[in-house]
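To keep things clear, I will list the structure first and then write my remarks on it.
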Amino acid sequence: MIAGKVVGSLVSTRKSDKLVGNKFMIVEPLRHMSADTRQIIAIDVIGAGIGEYVMVAQGSAARIGCDMPDAPVDAAIVGIIDEGGIIEED
Amino acid sequence: MIAGKVVGSLVSTRKSDKLVGNKFMIVEPLRHMSADTRQIIAIDVIGAGIGEYVMVAQGSAARIGCDMPDAPVDAAIVGIIDEGGIIEED
Amino acid sequence: MIAGKVVGSLVSTRKSDKLVGNKFMIVEPLRHMSADTRQIIAIDVIGAGIGEYVMVAQGSAARIGCDMPDAPVDAAIVGIIDEGGIIEED
Amino acid sequence: MIAGKVVGSLVSTRKSDKLVGNKFMIVEPLRHMSADTRQIIAIDVIGAGIGEYVMVAQGSAARIGCDMPDAPVDAAIVGIIDEGGIIEED
Amino acid sequence: MIAGKVVGSLVSTRKSDKLVGNKFMIVEPLRHMSADTRQIIAIDVIGAGIGEYVMVAQGSAARIGCDMPDAPVDAAIVGIIDEGGIIEED
């Protein structure tokens, strides 16, 4: 998974029927989590708000792990990181 | 998923039988969505036009989520982003 | 999928039994299709020749979409792009 | 798989039910193992400690290989590298 | 698949039960095969030696294609490239 910050959302009216009812959040990986600043569009099954730090699962884990095995989803917010919840001891 | 702009299309006469009938669109990820400008060829099950902004699902999500579980497809346009539909609050 | 040019081939005598009978082509993604020049080894189920422009599917799509669900294959040429078949309207 | 060092951990109280009971470790790939320093959040089924060098499996291998086929997990620590256990002969 | 050179191996005593009995080889992709020098840890089902050039399959292809569908494996050496077996005609 990667850790990132929810920086926005995305509205799509014309979309796959299987995506209806989902929220699409824009997540920006933390600086050390990605080679570059590369934002991801992830569905949100946890209820994360703008500005929160989250864990994002990608690939089939997003689809299957969020009980949407047949939906065209390749990224999902699967956890909200606690305040002070990133503990690094290099 | 990533967000990008449809910038072209691709014509392939000799192709896998399982791809017959599909449109192949060239999608350029938005600048913040990719480490570099890297275009993707995605099938289009929504009916996106050149110049539209779209969501693209990659990997098994494209194949399974678009009801083509047996086709050699690894990217699909799964939603058209509304005008003004990208809401960023950094 | 990505679009690329077939620039070579690869010979492997000692290989997985499940790969016997396949051709391994070296495909170089088009300049805009990849962050860097990164070649891919793809099996070829279409009959592409050196110098031809092709579509390559990656991941489980290559294996399952080419009727080799049990083979250790993660990339396949799934279409030959027509001459003049890349239509870009930026 | 990639080889990396466990450099921290991550605490998430609000998360997918399927993730309850897991530890989330921050793994930094070894310098030669990644194009850039890009950290990964991996579950840990082996019991690795901070500072240890580990093997991380990504994608469906993490989920299925760690007996969590239905969980939104895309990376897992699957082995601890022995001291002096990286043998390179360039 | 990618083509690379076996440059080392890795010893892991404490690992997933499903990995017991496997050899873990360090493969360095050929210069044109990767955006950067990024080594991969791959299991070896072919018997490749240090210094040999090999094909590596990644993702679910490694696991399923090497008859280890339940193991946490995301990369495998699936062929040894013949001497002079890389034929490029740019």
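To keep things simple, chains are lettered A, B, C, D and E as they appear, and every chain counts its residues starting from 1.
By definition in this document, contacts are C-beta pairs under 8 Å (C-beta built on N, C-alpha and C of every residue); 3 or more make two chains touch, one makes a residue touch a chain.
For clarity, every value in this text was computed on a predicted model and none was experimentally measured.
K.L.:
Since subunit A and subunit D share one sequence, what rotation angle in degrees maps the C-alpha trace of one onto the other, as a multiple of 5?
P.N.:
Angle of rotation between the two copies: 70 degrees.
K.L.:
Rounded to a whole Å, what is the gap between the Cα centroids of subunit C and subunit D?
P.N.:
30
K.L.:
Quick one: subunit B and subunit C, Cα centre-to-centre, how many Å?
P.N.:
Centres of subunit B and subunit C (C-alpha means) sit 19 Å apart.
K.L.:
Return the residues of subunit B touching two or more other chains; collapse runs of consecutive numbers into ranges.
P.N.:
Residues 34-36, 59-60, 62 of subunit B each touch two or more of the other chains.
K.L.:
Touch graph across the chains, line, ring, star, complete or other?
P.N.:
Shape of the chain contacts: a ring, since each chain touches exactly two and the loop closes.
K.L.:
Taking the contact definition as given, in what order do you meet the chains if you travel the ring from subunit B through subunit C?
P.N.:
Listed around the ring from subunit B, going to subunit C first: B, C, E, D, A.
K.L.:
Which residues of subunit B touch subunit A in their complex?
P.N.:
By the definition above, subunit B touches subunit A via 1-3, 30, 32-36, 45-47, 55, 57-62, 64-66, 76, 78-82, 84-90.
K.L.:
Hey, which residues of subunit A end up touching subunit B in the complex?
P.N.:
It comes out as residues 7-16, 18-19, 24, 26, 28, 34-42, 50-51, 59-60, 62-63, 69-75.
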